[in-house]
Each structure stands twice: as C-alpha cells, then as structure tokens.
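Naming follows writing order (A, B, C, D, E and F), and every chain is counted from residue 1.
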Amino acid sequence: MTLNVVQRRRIEVLVDRPLAPLLAELARNSGITSYSLLPVLGGAGHNGVWTDEEISGAQAKLIFLTVASEEKTDRLVEQLAPLLDSHGLVLFLSAVDVVRGQRF
Amino acid sequence: MAIDVGISALLSPMILFFILGGFAGLVRSDLNVPDAMGKAMSIYLMAAIGLKGGISVAEAGLSSQFAIALLAGVGLSLLLPVPAFAALQRVGAVDRTNAAAIAAHYGSVSVVTFVTGSEILNALSMPPAGYMVAVMAAMETPAIIIGLLLARSTLASGPSIPKSAMWHESLLNGSVVLLLGSFAIGLAVGKEGAAPVLPVFDAGFRGILCLFLLDMGLIAARRLRETRNLTWRLIGLGIALPVLQGVVGVSLGTVIGLDVPTAAVLGILAASASYIAVPAVMRMSLPQADPGLSLGMALAVTFPFNVTIGIPLYIAMATRIGA
Amino acid sequence: MAIDVGISALLSPMILFFILGGFAGLVRSDLNVPDAMGKAMSIYLMAAIGLKGGISVAEAGLSSQFAIALLAGVGLSLLLPVPAFAALQRVGAVDRTNAAAIAAHYGSVSVVTFVTGSEILNALSMPPAGYMVAVMAAMETPAIIIGLLLARSTLASGPSIPKSAMWHESLLNGSVVLLLGSFAIGLAVGKEGAAPVLPVFDAGFRGILCLFLLDMGLIAARRLRETRNLTWRLIGLGIALPVLQGVVGVSLGTVIGLDVPTAAVLGILAASASYIAVPAVMRMSLPQADPGLSLGMALAVTFPFNVTIGIPLYIAMATRIGA
Amino acid sequence: MAIDVGISALLSPMILFFILGGFAGLVRSDLNVPDAMGKAMSIYLMAAIGLKGGISVAEAGLSSQFAIALLAGVGLSLLLPVPAFAALQRVGAVDRTNAAAIAAHYGSVSVVTFVTGSEILNALSMPPAGYMVAVMAAMETPAIIIGLLLARSTLASGPSIPKSAMWHESLLNGSVVLLLGSFAIGLAVGKEGAAPVLPVFDAGFRGILCLFLLDMGLIAARRLRETRNLTWRLIGLGIALPVLQGVVGVSLGTVIGLDVPTAAVLGILAASASYIAVPAVMRMSLPQADPGLSLGMALAVTFPFNVTIGIPLYIAMATRIGA
Amino acid sequence: MTLNVVQRRRIEVLVDRPLAPLLAELARNSGITSYSLLPVLGGAGHNGVWTDEEISGAQAKLIFLTVASEEKTDRLVEQLAPLLDSHGLVLFLSAVDVVRGQRF
Amino acid sequence: MTLNVVQRRRIEVLVDRPLAPLLAELARNSGITSYSLLPVLGGAGHNGVWTDEEISGAQAKLIFLTVASEEKTDRLVEQLAPLLDSHGLVLFLSAVDVVRGQRF
C-alpha cells in the first residue's frame, strides 16, 4: 500500500442508550473526542433476550465505536473496566489500520 | 355499578385493541408495530391531552381546587414510594437497590393509564377536571428523587452520571415538557383559537389511542414472556400496590373535595406505575438495578391490570365514597 | 361499462397517487417514504378494514352466505396454486422450487389490492359484503401450505427452520391476527360502540390510502428496476395468471350466489398475489427460492396491473355475468 | 396592522408549538421526534399542499397571472443568489465555496415556511392564490444551478459526482416530484373528486402542522447549539438576507399585479431558505462546503426568524404597498 | 494493558431478517448463547442491489454478530457452511480482544 | 478450521449519506461490486457532534462496508485518499477471514 497506513485500536462498547453520554464523557477523559454510535436491533446474552421495540428506550442498546491510539485505548479501557459488570457493558477490542494517523 | 363500569370499559374498542395486542404478543404472532410509530403516537397523545387539558382550564378558569389537587398529587408522588419500598424488600424479597428503583416507578405515573382512565370516564359522561393533566405532569418526577434517596447507600460508590445530569433528566424529560407545554398552549389559545387544530387533536384522539393500546398490549405481553426473575411474590405486589395506592389516591381526592371523576383520576394516577420516564433515569442513576424487574412489574403486570380491572375499580370506589 | 369503471377508477385520487409513486420510482427521484411510515400505514389500514368489516357484519347479521363465501375463498387459495405451478414450470421455464414459491404467492392474497378494489366499488355505490374481510384473512395462508407441498422434494434436505415455526408463522402472522382481531372487535362493539373511533378509522381511511399507494407505487417501480432474471415469459404470466384467476373467482362467486360486488371482490382476491405475508414465510421455509423472482412478479407486475386494469375488469365481468 | 398580524400569528397554536419545540431544544430536554415521524409528516404536508393548490387552481381556472407569477418566481430563484454571494464573502467573511453554497440555500425556498405563511394568511381570511404551490416547486432548483456556477472554480478539481447525477437530483428531487405530482392530481380530480380524501388532507392539515413545527423547533434549537463557526456576522446575515429578499419578493409581486396575499407569499418564498433539498445536492456537488454553516444559518437563524417575525412583516408590507 | 485481555473470534453473518431465528438456533447448538443483531440499510452483491425500503421485510437483511471462543466459532462455522449458498449468507470472521474472557 | 478460510481486507468508510452512490461508483472502478450500507445514529469528531435526527438527510452518515482482496482494497484506498479530507470521509481497514474466498 502506498499510503501511510498506521495501526490503531478499534474499541466497540455495547451499551444501554441512556448510558451513551457517560461513555462519551469517559472517552473525553481519556483524550478521545471522536466516536460513532451504531444502532443495534436486539440480541441475547446472560441477561436474556431483548429487542429495541420497547416503548421505554431504557432497554434499547447501541454500539459506541471509536478508533484511537493504543495509549488512549488503554486509558479508556481502564476507566471502563469497573463499569463492565455494574453497568452491563460488553467491550470488544481489535486492530484496525487508518490513514491520516495523526487524527486518531 | 362497579360491574357495569367494568363491562362497559372492557367493551370499548380501546381496551379491546389492547387485549388484541396482548393476545398477539402471547401467541408470538409476528405482528409488529414499528418503534417510530409507537413513539409518534405517544408524542401525538401527549400533545393532545396537554392541549385539551389546557383548553378546558381556559374554559373553566383557574381555581383553588387546581392548586390543592396539584399539592395532593406531588405529595402522593413523594410519599407513596416509601411504603412500596418497604413492601418490596419484606414481601417481595428484592434487595435495597432494586426495591428503591421499583418504588420510584410506582410513585411516578403512567401517561397511557391516565389517558385510558380519562376516556373511560368521558364515555360514562363523567368528565374529570382539565387541570389533572398538569397534576399528572407534576407527579412524574418527585418519586424519582425519593427513589434515589432510598437507594442512597448504593449511590456513593463508583463513577456515575453527574448529579446535575440526573436532575436535568428528571425535570426536563420529554414527556413533562411536552405535556406542560401543550397545556400552556391550550390555556393560551383557548377553545376558539384551537378550533383549526381540533380535527386532529380531538376527533382523532380515540382512534389513535386504539392503535397505541394495540402496541402497548404487544409490548406488555412480550415483556411478560421475556422477563426473568419475576417471582410470584413480585407479581402479587404488581397487583396489590396499585390497588392500595389507588385507594389512597381516591380517598385523598375525596377528602380534599374533588368531584367524583376527578378524585377517580387522582386514584388512577396514584395506582399507575411509570414505564417510560422513570426507567431511563434509573438506568442512568442506578445502573445496578435490574430494569427487567421494574419494567416487568410496571409494564407486564400493573399496566394490564389497571387498564382492564383497576380503572373501573377506582371509578366505582370514587363513586361510592364520593356520593 | 367496463371502460366507464376503468376511467372512473383511474381518475380516483388513490390510483393517481399510485401512478405518481410509480413515476417517481421509474425516473429515480429520491422521493422516499420511510419504512416505518409504510408499516404504520399498513397497520392502520388493516385495523380499519377489519373494524369496518366487523361493524358491517354486526349490522347485517351473520349469514349462511358468509360461510359459503369463506369456503369458496379457502378452496380458491388451496387450488389456484396448482395450475399456476404447472404454468410457471412449462410456460415460465423456472425450476420446481421457484415455481412452487411463486405459486404460493399467487394463491394467497394482497390486502392492498383488496382495499383498493373495495374503495373503487364503494365509489361506484356497489358496496361488497362486510364479511369479505374475514374471507380475505382466511385466504392468506392455505396457499402457503400447498406451495410447500408442491416443493416438497426440496424440503427434505439440509438444516432448516423447524416445521412448527413455519406453521406458526403461517397461522399467526401479523396481518391475519390484526385483520381477524379488528374484525372481531368491530363485530363486538357494533356501529354505535365504534362511533368514537370512526373519525380515524372511517373518515381518515381514503386519505391514508392515497399516501400508502404513493409508497406502493415507489416500491413497485423500484422493484421493477432492481429485479433481474425477470424474463418476458414471467412478465406475461404476471398478467395472465391474475386475469385467469380473476375469471375463476368471479365465476365461482356468481355461481355460489354472491351479489355482484361481492363476487367481484372474490375475483379480486383470487387475482391478487401476496407480497407481504408469503415472502416472509417462503424465505424461512424455502430459502432456495429466489425472492427476487416472486416479489418481482407479484409486486412489480401483478400488483400494478390489478390496481389499474385488473380491478375494473373483474368488476365489469361480475356485473355482466351477475346481471 | 403589522403588530396585529404579528401577535395573531404568534398566538396561533402552530407557532406556539414551534416555540415549544425550540424551548425544549434549548434547555436540552430529551424530547425527541423520531426521524421517520418527521419525514412522514413532511410527505403528508407536501402531498396536502400540492393537492389543495391543484384543487384551487381547478376551481379558479388557469390564468395568465399564474404564468407571470411562475416567471417571477424562477427569476427570483436565479437572481437572488448573486447579491447574497457577494454579501456572504464581503460582510460574512466566508470563502468563495461556502458563500456559493449558502447563497444557493437562500435562493431556493423552504416548504415549511411557505406552509406556515399560507396558514397565517388563511387565518387572516386572506387566502393566497392556489397556483403558488407550483411557483414554489419551480423555485426550488434554479438557485442550485446558480450556486454551482458561482463556485465553479472549485468544481474543476478532483473526482466528483457526475454532472448528470447532479442535474437529476436537482430536477427530480423528492419534494419537487411530490409537490407537482399532488398539484396535478388536485387539478385532475377537482374539488368533487377529492372529497373522499379531504378529511385527511384538509381537516387534518393544521393539527399535523403543529406537530411538525414542534419537531422543527427542536431541530432548529439543536442545530443552533451544535453549530460551530457561526459568527455574529453570519447570524446578522441570516436575518438581513431574508428581510432584503422578502422586500424584493413582495415588491416584485405587487409590480406584476398579484393580489395582496399572493404578493406576500412571493415575498415569503424569496425570504425563505432551503434546508432540505439544497443541502443534499450541495453535499454531493460541493463537498468542500461546510454543511454546518449553511444549515446553521438557514435552519437555526433564518427559519425561526421568518416563522415568528418575518412572515408577519412581509404580510404587513404587502398590505401597505398593495393597498 | 493491565487488564486480562484474551483473544476471541468475531463472527458476522449477513442474513435475511426472517432467517435470524435460524442463526440463533444454530449458534445455540454450537454453545453460543450471546449475540447482537445489527441493522443494514442496503447493499449490493452477486444477487443485485437491495435496500430495506421494501414493504415486505422478506428482503431486508441484518448482521448477526457474535464473539465467541475459537472452538465454538469452528462449530458454528461448520454448521453454517452448507447454508452459505443455499440461504445466501455472507460470513466474516476476525480477531477480537475481550476482557472477562470467561463470558465468551 | 476445516473450511477453506482465506484472508481478505475489510474496508469501512464513514460517509455522508448523499455520498454513498459516489463510494459505490469508486468501488466499482476498483473492481468491487459487493458492499453493505450500515446506519449510524450519531457521533462526534473534528467537525463537532452530530445526530441523524435532522430533517435534512444531508448530515446523516452511514458506513460503507466492503470486504475485498488486498489488491482491490489498495485500488479503492488509492482512489479514496484524495477525498478523505475534501469529502470528510473516515476510513478504517482491518483483516477479516472469509470462506468461499473466490467471491471476494
């Protein structure tokens, strides 16, 4: 590849919709200001089956997606760790390549 | 009389659509009301009841009765969570945090239960006072604060949403703003000014309510099927709590001098449990509480009970003690 | 007469909105009806026709005509797929699996075609019997079972959705539950009980139908553009099958003694092809079938044909042989 | 008179719902109108105004006034961007590309501003000519082409959407097709033919407009909060441009002999800025322009200004110079 | 990273909506009980272009996403393999890191 | 894994909705004819916060997702590079395994 590709971390957190602002806040604390929110239709896990058809948005979830440097990722994951159980979050980390690496 | 009210309520198209939705949900039909349609209907219904309430207060004029009813409503929302909290821990055998969260739901109110009750009263030619819309809006949030105080030991630990965000969410949540805003608009423009928009907000009201209750029936039935951890004790409380709170509401309404249908509505509000505003705040402020429990009780047990049996009961009660 | 019916149908705002949608789709306008709006309108329409059908049966009383029409409808749904299956293999040159899947679509019915036909008949002051809503609901699923039997060799192999799931989907699919449920509600409450909800379900009906047909026109045109594998032979069958099935339906209706508009509706139902309930079941039970083919024929060829030309034709036919 | 018009406009339920939405957005209430509901309402509103415009032209007959107004509208859409472009660069201090993009928004029109203006005129018993719907549709796109020419130096470089796609998007965009199509349907069926669908498209119109303006208020307020780079100079232009363009529109309308309410509508159209059709085209053809700037000005500054202050102003102006 | 991060497989299956229950069933057979369903707006492939605007949900698709151990992944992929062509599925596998590895 | 798994590249481009056809066109030029479009609810980045509740679709975004060979990916990324800044695109690349490799 002729372009300047650098490796970053991709963080995905599945989270209840009302908690999305909390995640944005924690990300900011870790130096991460860019993220995207992806809808999720439903799913199943240790706490049973769910769908987003509920009238109360309280059960609907979304995926908080951000791509960041290893360092910022570590800071964010450290902050998230205590919340994983108490707030019922699900966290996935993976490798991703980006161009314009200084942005991430 | 109680039986008459009950039968005529159960035979209204509104309630029959709720039962149809419940049936479809229980037999796992793939009948599906899109999320956006449900939200659209609830925005419409809140705007309509706010507007209609404001118009009828504009007709009747502001009264001291309004102020007294408002105080009574806020008082109920502040105090009802306390006995509920105790009962949930002792009888229901849930932990402190969950008891507090559930108690907050039961202290607050359900807009749809209010609307259904008002429509049943209208169909019986017993229209309640228009200002009860504002009373309902005022009852939405005090219970939340009490619920959080009851759970306060849990609140100390760990990172959490800042308090200001929580206050903000409680006081400016969408349904409160929309209800009170539409109420104010109705008050400002009066019956004449609102005439051009009444074909939608008045003539259309009951038909849309049918479709909304169809959706609610589906949602309640699905929630019932998906809910785990809902013990028989909690199901029992999901019926006992509204009955007891309904008795308190009707009695208080009668004592402070409200007319029969208005006292019945105060009972309906006390008996109803929130499943829209409160769950969202609790998820933010008490994330350790299990939303499945509180939503399961409020939506799958108490709401269907109130809509089919509870409302006629509270009306009959208000009629008897108010006469 | 046929031409008169045709012109007056084509000039109704409903059909003109369908044509507008089709035009917008063909010229690739970015006009776009949100998915949730389309679903919301179809829920509304099904609740409304169910309710109105139930009310009119409540007025007219249950009759033996109803039972006979019901039997005729189910019989059509069971038998029509067989010749269609043969024609699709021989004339249409598609394989066994696809022929079976397409035949199931044509044996079943299209709710929107039914509604459009009923509205055209009402506009001609020829109201069909209210019970035809129930006949339609009963015709939705028998064809599915026949279709699966016709394809049975394919069903043997590989992992697949359990049979029970398939039966469940066919018998309790959303539109059947909603149509029959609303029909039952209309029957239970009657004209008087339904009065408060009629501004929405009756006065609003034709306006919403306009917007719904706008969406259908867009969808049909887009489907036509996106469909591959749709040969001229299949397009021909997409017109020949409804005409032949419409003749059978009208004739059978006349023979069993239905009045002219009701026999016309039986023809319209026989002629119409499902594009909502059946595709979902087929996708589950016959995943090897190409949904592009069956949907392409039902939605992009047969539906527009029926709505613009077919319906006036079947009505004219019923008028001629029924007189 | 100006003040009277202003107060009566501000007290209409429509404008009050807009203010309620704006309030909810500014205090960051979580009141939320689902996207699909907003789109559904705008489809409904466009179909309704198209249809009603067509019906009233069918009543009044086609006139030379119509042709003259059409020419005037297209001329305004072609010419107004030029001074706006200059002012945006000199006074607003934005670069060439952004100036061109913003100028295109201001040359084009806002359907909702048009609808609100027409409703206010109707409430004042000053109905404008029905053909103005067609004039509005014709004004949507010429400004886009001028905007792109003004920015042409930027267009040369880099890969981009093919020109044909851009033309296609401008001429066949959804709102133009829907407005003109519904207009044609209204013209074809006339008042009598449209009678069955009028309960939805006429009686329902103002109520739905209330809910739509509630949503618009929310959107405008949120956009205002989220917009960066919006300098005071640009906010000033967001008020000065509509006033100046409104004056030009009203004057031109009066000069070419339109009656008072129709000239007022021409002024409203000239003053309004597009925030639906134009942004999508600009995003495709001028991706270097910042949509935050143009949308921020059109939606968060000019639209609220027009709806609350501008429209009464242009009406008062037309009344004064037309008398 | 100070947290106990372990590697798992991320499985994404693009599937017609009516087939989602079938996938959940196959996942269960493979010992996978957690998954999420993500909406898809449209796309293009060997069978042409599609969008989810269809009135019939039969053509709409979703992504069945699950993160699981290598072993369970293998079992699921084996079960999916014969369906890929007959049911028109599209399958992506990739590496992902998770904390609380015992959950996956 | 007993199945014939081959490695491909997963390309995700976050893009304004009106630009999706342009991406499809560039992909076609690179020999890529299969892709999926995923909705995005909102996000934040260098250009501020956004949500898709806007009435104008002009600010709404989606993710253009395609899985393709290394070679085609390179061609596409090369075409995208000049647009990243001018059209405000965000590009992520990662590794993915697929069966039926000839399809990608």
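Note that a residue touches a chain if its C-beta (ideal position, glycine included) is under 8 Å from a C-beta of that chain, and two chains touch if they have at least 3 such contacts.
In this text the structure is predicted, and so the values were computed from the model without any measurement.
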Which other chains touch chain B while also touching chain F? A, D
Taking shared numbers over all numbers used, above half giving same and below half different, the chain E and chain F interface sides are different
Farthest chain from chain B, going by the mean of C-alpha atoms per chain? F
Report, in degrees rounded to the nearest 5, the angle of the rotation taking chain C onto chain D when the C-alpha atoms are fitted. 120
Name the chain whose C-alpha centroid is farthest from the C-alpha centroid of chain D. E
Distance in whole angstrom between the CA centres of chain A and chain F is 19
Could you grab the centroid distance between chain C and chain E? Build each centroid from C-alpha atoms only and quote it in angstrom. 34
Let me have the rounded angstrom distance from the C-alpha centre of chain B over to the C-alpha centre of chain D, please. 40
Considering chain F alone, which of its residues make contact with at least two other chains? 38-39, 94-95
Where does chain B touch two or more other chains at once, residue-wise? 32-37, 39-40, 199, 203-204, 280
In contact (per the touch rule at the top): chain pairs: A-B, A-E, A-F, B-C, B-D, C-D, C-E, D-F, E-F
Please output the residues of chain A touching chain E within their complex, sorted ascending. 14, 38-46, 61, 63, 74, 77-78, 81, 84-85, 91-95
Enumerate the contact residues on chain A facing chain B in the complex. 16, 18-19, 21-22, 26, 47-59, 79, 82-83, 86-88
Once bound in the complex, which stretches of chain B touch chain A? 32-33, 35, 38-39, 42, 158-161, 165, 215-216, 219, 222-223, 226, 228, 275-276, 279-284, 287-288, 291-292, 295, 299
In the complex, go through chain D and note every residue touching chain C. 34-37, 39-40, 43-44, 47, 51, 168-169, 172-175, 177-178, 181-182, 184-185, 188-189, 193-194, 196-201, 203-204, 280
Listed in rising order, chain F residues that touch chain E in their complex are 1-3, 5, 10, 24, 33-39, 62, 67, 94-100, 103
